[in-house]
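Chain IDs A, B, C and D follow the sequence of writing; residue 1 opens each chain.
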């Protein structure tokens, strides 16, 4: 069952990603980008990391995708014009893929079978965030604040 | 209860200095704040001095010192500290009280001045440093405060910078005292070299205590005399007295503060403080250094008194009287009457401040006229000033029984008469006393009696803020005599540490009669001479030559001009010439050689080195162009390069293991 | 199929299908019912009969509407982006229905029990913005675009207060699971005072904020600027007609149900009875009673309030709602650390009062705008 | 359940698609999309390694994934802001034309 689900999700995700990478219309690309993230969070659900999956949907579809479409909107006089595709990139990407696959095949510990895992409750994550990972949490908070302010300043009207 | 103050004496000088800083911080616009800060600071100092004074009363020979290490060089550390003993406590009390009166007085006196706040900053600064001198327990710290006092007096005397005379006077005061301080500093160095410490009291190891004193040995006389140079400079003793009268250019409160109460007293205080050094190896109270002190004091006292007789500037008269009184104190110190000297110092502080402030009030009333010939008949116009001034005059000329000055003078004469070396100082001092009474009478008659003259037409009594301090000081000058009577020598016992007991028989003794006679003679002589005094001085009529001699301060300034200053100018010209023609010549020669060498090297530079560098840069430029081709500015190219690099790393890693 | 027992994947699929069928059945009926009731109630409020022709009291009006919508022509603009234009209503409806899945409708009546149910709700709900944008962009029309922009702007602005007002409840309960939240509210003191969070100061404040944000999220009056007919024809739904339009309409209503359901789950004790001795009445009845009360308030507001201006809406969100929401979090913490009793009650009340007074003095608009003066021609 | 290697291959493929998007598309937004894809692939790996680690395992992978998502959100915000700023300044979003640093 879960392998079936896995195959379905993998196909969905990869095809959505490919669409996002290659579709000519920027808006379609952005939307399929969102779909790809649905797929990724489906993966997470499948592996029992529900919380991460939900966060993924929440952040990417709720925020990042909207941001992207907004940007597309704000720069839309350009959307039609910018086209063009370099095959060099494709070559590099395929080369890297090959390298990665080869490396994976050469690595030893890949035969580990998925063992039974107790579901990771939100409470546990919360406790961990507040105990072991409290400093990273603070740092991320600072980072987000900085990013917020920085983004605001970047998009302020240039005084000419 | 007030142990905290005995262990934190430094707070007392700190208060006014903090006030000064605050005033400076607030700027010249804040006039009332300035006055408020200054008075509050002084008030704090006064309160703390009283608190510090109380415990010294309770126990005889009370002394607390706090020493601490200032800094350490090599293996020996320089230690400074603060001391609280009867001498310091009494001085502090006097300085703080008189200072407070003067501050309040100057609020009225300087009311129209545009640099009001600056003035108060200087005043507070001065009084802070003076208090510092008093409580210092280290000759070095004392010297530091001493120099601060000098600086403050410089600023204050030259306060009206726009007057050239004031600037000149300030410079004169500064340089003259500096001459003395040079000797003082040499003395300090010598003392440190001999005894290895500059602390006065250090649990038996201070430089005023037996161990160190014995260590100094034979050179003690030299040290003492060098230190006395400083004292002479500050308290205007004979060779270095010239700055004091000129310093009258400063505002009158300044004159009161500097030349009555505090600064000039510093010299006397210094001698009293380091008295052990002076009196090392004394055979019945006589040492060479002390002898010098005596004769200097005698000469100063007599000379100043004589000059004072022939002055017309109301403040100059007081200034010369100050000089002569200081001479008197020096004499009494020299002859061993330390307590007498200090007592006179304290008493003098009160009544001389009173006199100066009175003079200030008169000047203020007469619209800044200082020539006594133009005054007169002010008795009616300025009753309060007159009354207080009269009190001061009595005290100064030493009328016995009621006025503090009388007792102290009598004590000093008493001490002088017992000097084994010779009796000459005694007789000269007597003449001095007569003269004192004489010129004070003259001044009072000129200013307050007789018919009105030019300046006194529109004279008016000064405001309460000025008369109040006068009254306070007058009361002090009278009440102070209570602790001075030989019948119950409270202050003496306090200073020396011997218990005092009441003995009315001591109230009448020959010396009192003597001084009474002297003072009576002086006053009556003065009244007789100046009874119908007017624009022109009777002495001038009878003895013109003598009078001119005295009026021009015995030509001392001129003599200095001819001798010392001329010598200095000559030396300056000489060195200038040498600088111009000899040293410059050398320098120019060296420069010429340098230029020649430079020419040589430039040739080499252009031919050899530059060429090489040029070639190098050309090559580098070419290489850079070659490289910059690769630098396309395309993000994606870079990204691809990064990806390939990562791929290479992965492959390498996987291949290796 | 061995030993007469179906394989569990079959059971799984069957159970979820049953869930979905139940949900759709209930809520589509409710949608139909509400659509007609709203019109009738509004009619009462405006002194007129609502629809009263079709069936008894016009109760079959929705059926007629449905048929009309179905047989209408489905117009797709020529310059439109066909795929996006088609996908938008479908996905928006899907998202709306998905959010219904995590709400506990009664004792043991939660369709999907996810550990992070609340998070799921908001995650799926936040997808709606993207759909609205798709609608606006896909139908290549400036009114649609503007409407979509407005909708997204106000949705994003009000999503923050909406989520932050949920935080205090999550903090206090210590779980993101709706069932747990409802259980915690299940007790009664003295047998008749239910422990609903709405009865604590922070809870009441949070509930009001939540309700307002919910109004905005579901584009209801007074916050229905995205389809302000007077300005932009119908916002992002301008270019839609026929059944797609109906889908949008349904999606909005379902979103409304979902928000109200979540609100009463979080603050109004879920399916618990208001007093203890009424617990014998089935829990889902209570749930739907509360739900219908909330919906009535929605309709009531729509009948009462005029439409606000977009900039006012956004200012209100950022300058008032957000700080107050954060205050709720703090107040909840205060309530917790002063021992959840009467003391805590008063303390948190004090906190909220202070912040409220400060904010309302700072944002006093009377200082900014003078009262309008009219001039007439003499 | 598939083995870890297949999962790694999938995430590698995802990564390379992201790389492709970042390398070969000219529009600046595509580069961002590609970068986000690569991050997502990395997250996938983290989760996978946590899941396939010998149990019981500390949920470090999950934690790192959560932080990575937060950071990626920040990165996206700043990146898109930069795209808008660049567009305002150069009137283009075509990265080919943005070669001010060309040597």
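The rule we apply is simple: a contact is a pair of C-beta atoms (placed from the backbone, for glycine too) under 8 Å apart; a residue touches a chain by one contact, two chains touch by 3 or more.
All values reported here derive from a predicted model rather than from experimental measurement.
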| remark: Joint neighbours (subunit C and subunit D) are A
| said: Using only Cα atoms to place each chain's centre, name the chain farthest from subunit B. | reply: C
| request: Please work out the Cα centroid separation of subunit B and subunit C, and write it as a whole number of Å. | output: 88
| task | Determine the centre-to-centre distance between subunit A and subunit C, using the mean Cα coordinates as centres, and give it in whole Å. | result | 29
| query | Using the average of all C-alpha atoms in each chain as its centre, how far is it in Å between subunit A and subunit D? | reply | 6
| query | What whole-number Å value describes the gap between the mean CA coordinates of subunit A and subunit B? | reply | 83
| said: Touching at least two other chains at once: which residues of subunit A meet that condition? | reply: 51, 55, 63, 70, 86, 88-89, 92-93, 96, 100
| remark: Touching two or more other chains in subunit D are residues 19, 22-24, 96
| Contacts with 2+ other chains: residues of subunit B | 636, 640, 643
| query | Got a list of which chains touch which? | reply | A-B, A-C, A-D, B-D
| Along subunit D, where are the residues that touch subunit A in the complex? | 1-5, 8-10, 12-27, 29-30, 32-34, 36-37, 40, 43-44, 47-48, 50-57, 59, 62-63, 65-67, 69-78, 80-85, 87-89, 91-94, 96
| field | In the complex, subunit B residues that touch subunit A | value | 636, 640, 643-644, 646-647, 650-651, 653-654
| request: Report the residues of subunit B in contact with subunit D in the complex, numbered from low to high. | output: 627-636, 639-640, 643
| message | Please output the residues of subunit C touching subunit A within their complex, sorted ascending. | response | 9, 81, 83-84, 87, 114-116, 119-120, 122-124, 126-127, 129-130, 133-134, 137, 145, 149, 152, 156, 159, 174-177
| note | Per the touch rule, the subunit D residues reaching subunit B in their complex are 19, 22-24, 31, 95-96, 98-103
